[in-house]
Amino acid sequence: MIYIFALFLLTLLVITAIAIVRAEDLFVAVILTSIFSLLMAINFFILDAADVALTEAAVGAGVTTVIFLCALALTGDQEKPQKQGQKVALVIVSILALVIIYSTFDNPQLGDPDAPVHQHVAPWYLEKTPEYMDFPNVVTAILSSFRGYDTLGEVFVVFAACIGVLFILGVSPPRKAMQVSVKKSGLRHHLIPQVVGRLLIPFIVLFGLYTQFHGEYGPGGGFQAGALIATGVILYALLEGEAEALRAVPRRVLLGMVVGGALLYGSVGVVCMLMGGAFLDYSVLAADPVWGQQLGILIIEAGVGMAVCGALLSIFHAFAARERVS
Amino acid sequence: MIDLALDILSWILLTSGGVFVLIGGIGGLRLPNFYTRIHAASLTDTMATLLIFIGIILQAGFTLASLKLFAIMLFLLLTGPTATYALANAALLSGLKPDTGTAKDKTKENAPE
Amino acid sequence: MYILVSIAILITMVLAVVRALMGPTVYDRVLAVNVFGTKTVLLLSVIAFLNGRPDFLDLALAYALINMVGILAVLEFFQNRSQRNAKAKHD
Amino acid sequence: MTFLELLGYFNYWVFAILLAVGLYAVISKTNLIKKLIGLSIFQSAVFLMYITMDKVEGGTAPIIQAGVENPVFSNPLPQVLILTAIVVGVSTLSLGLAMVVRIKECYGTIEENEILDAD
């Protein structure tokens, strides 16, 4: 039954994607992107990926839309009509799609338990997680311990992207601001959204902290928590104006969070080496290897959460500050 | 006996919630202009949220899940009307007239502020 | 019973997507996104019970909390755009 | 091959179509922001493929429940890969958007052909 829902939702996904590409008003395209993200999250949930769905929810509902909108405000939001080259492109991508569809018949079917993916290391992870870490969420266990190197790399990619955005947008714009207009930014004159928003922000941050520290027992972890808390602060920026949000959480703190989070993750690995283990082998951190694993995972998840939250907020502020100047 | 009564009650709530959801969807699609559509969508949203969540809570019994469901219901009841209010207010301020039938994407931009 | 409700929600989601694609105003599209978001929360809660894993309600909770952020952001930026366009026309 | 067996491949077809739609936007649209939106659709298609691979018939999400006999879990490994990829995707997307903003400031346009003409 649930597969039929998935069929329905996937068809909607395709329709939405085509509409996004066809929309001439980029603003409309961004609005449709948020529907796309919602559909994607439901599909992930139906396909048993609760953690991934939570990530998509945390990132797609707030942060992506806001960053796109900030960029649109800076670049203009109408697409010029196309002149040529569309037919050729259409033919090429149709052929590509047909080739991929033809090749999918060699893939294992959806849900096939004998598929090669399920034979290699995954059963080992599922079997050993209770023994090594003694907590239920296998995804968190793999993310932070079994494949800790990967995650370290991803955190540094987020860090590098954040630094890149700050470098690109940090330079002073070529044409100086024509008039320094104090924009009535924020939904300050709308009483109801402001009251409700203020009521919601603590709950969003609280829920972020819950996903951060409950990540070992349910869906959640540093990535989701960072995105959720960033969304809470972005909501504050929308309600009170961006400058006010920057006063609450200054840029120094944000940069400190990005750098500190990434360093915290790396230094846990170094401490593991100093205590006689391998890099990111948390078992040596405490007398009992299971406790050591749990301690290490707790610390590096906190590092991931800090880094992601700081990076997303720095990116948001970089775009928003650009808008204020130009 | 109590269980059966609770079951029947929650089924009634869930079904009527589903009916409200459908009515809202159809209204949101079929009504002629923006303000009538927002009317249809927001009112049924709130009602359906209440009915469906109370229905599920009755099924779930007194557990952590029902606490979470209650929280979700509370937040939806807070945010749904707020978003609708902000939307209608923004539309009105941008000069979308409640009585002129339909308007296109472009026209309201040169409407009076 | 859950299945009936989820089918009703799914149909409404389709109708909302149709409204989002048709427009005609940006506000209609945003309204459709809002309806779609609420329906997503409902559907996720119902599916969690249908699958027998009610401990996965976190996802629905996340959406219930932050769905409004996207809507408010769109409205805010759309108002700014209208103001910009009006000013550009005025100059 | 029966109809139901064919449906087992439906997710992969959606993956293929989404990939094509995203690629179409990337290669045929001249607007740089539209290209980036296309790129994010492309990326989502890949996410969908990975998550499709992780599903096991009759399984649940890989979070171990106490007191369930012989549980079947979906594969956690693709989920880990995609979970991090989503967050990385957003930050790299914003890097792209930042570049587009700078291009707009230097050239006054974000249409690719006009930029090429201006050079």
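Letters A, B, C and D name the chains as they come in the text, with residue numbers starting at 1 for each one.
We adopt the following convention: a residue touches a chain if its C-beta (ideal position, glycine included) is under 8 Å from a C-beta of that chain, and two chains touch if they have at least 3 such contacts.
Please read these numbers as outputs of a predicted model, since none were measured by experiment.
J.: Between B-C and A-D, which chain pair is linked by more C-beta pairs in contact?
T.: A-D
J.: Which chain maximises the distance between its CA centroid and that of chain A?
T.: Chain B.
J.: Taking each chain's centre as its mean C-alpha position, how far apart are chain A and chain D in Å?
T.: Chain centres of chain A and chain D, defined by C-alpha means, are spaced 13 Å apart.
J.: Where the CA atoms of chain C average out and where those of chain D average out, how many Å apart are those spots?
T.: It comes to 20 Å between the two C-alpha centres.
J.: Using mean CA coordinates as chain centres, what's the gap between chain A and chain B in Å?
T.: The computed centroid separation for chain A versus chain B comes out at 28 Å.
J.: Of all the residues in chain A, which ones touch at least 2 other chains?
T.: 28, 30, 50, 72, 187, 193, 196-197, 200, 203, 218-219
J.: Which chain D residues sit where two or more other chains touch them?
T.: Touching at least two other chains: 60-61, 63, 65.
J.: Among the residues of chain C, which are close enough to touch at least two other chains?
T.: In chain C, residues 13-14, 23, 26, 30, 32, 51, 55-56, 58, 61, 65, 67-68, 72, 75, 78 touch at least two other chains, as defined above.
J.: Touching residues of chain C toward chain B in the complex: what are they?
T.: Interface residues on chain C, with respect to chain B: 1-2, 4-5, 7-9, 11-16, 18-19, 23-28, 30-32, 34-35, 38-39, 41-42, 45-46, 49, 54-55, 57-58, 60-61, 64-65, 67-68, 71-72, 75, 78-79, 82-83, 85-86, 89.
J.: Okay, in this complex, where on chain A does chain D touch?
T.: Touch list, chain A to chain D: 3, 6-7, 10-11, 13-14, 17-18, 20-21, 26, 29-30, 33, 36, 40, 43-44, 47-52, 55-56, 59, 63-64, 67-68, 71-72, 74-76, 79-80, 82, 85-86, 89-90, 92-94, 96-97, 100-101, 104-105, 107, 109-113, 115, 117-118, 121-122, 125-126, 129-130, 136-139, 142-143, 147, 150-151, 154, 157-158, 161-162, 164-165, 168-169, 173-175, 217-219, 221, 223, 226-227, 308, 311-312, 315, 318-319, 322, 326.
J.: Residue numbers of chain B touching chain A in their complex, please.
T.: So the residues of chain B in touch with chain A come to 75, 78-79, 82, 85-86, 89, 105.
J.: Which positions of chain A touch chain C when the two form their complex?
T.: That would be residues 1-2, 5, 8-9, 12, 15-16, 19, 27-28, 30-32, 34-35, 38, 41-42, 45-46, 50, 53-54, 57-58, 61-62, 65-66, 69-70, 72-73, 77, 183, 186-187, 193, 196-197, 200, 203-204, 207, 211, 218-220, 224, 228, 231-232, 234-235, 238-239 of chain A.
J.: In the complex of these two chains, what residues of chain B are touching chain C?
T.: Residues in contact with chain C: 11, 14-15, 17-19, 21-22, 24-26, 28-29, 34, 37-38, 41, 45, 48-49, 52-53, 55-56, 59-60, 63-65, 68-69, 71-72, 75-76, 79-80, 82-84, 86-87, 90-91, 93-94, 96, 102-105, 108-110, 113.
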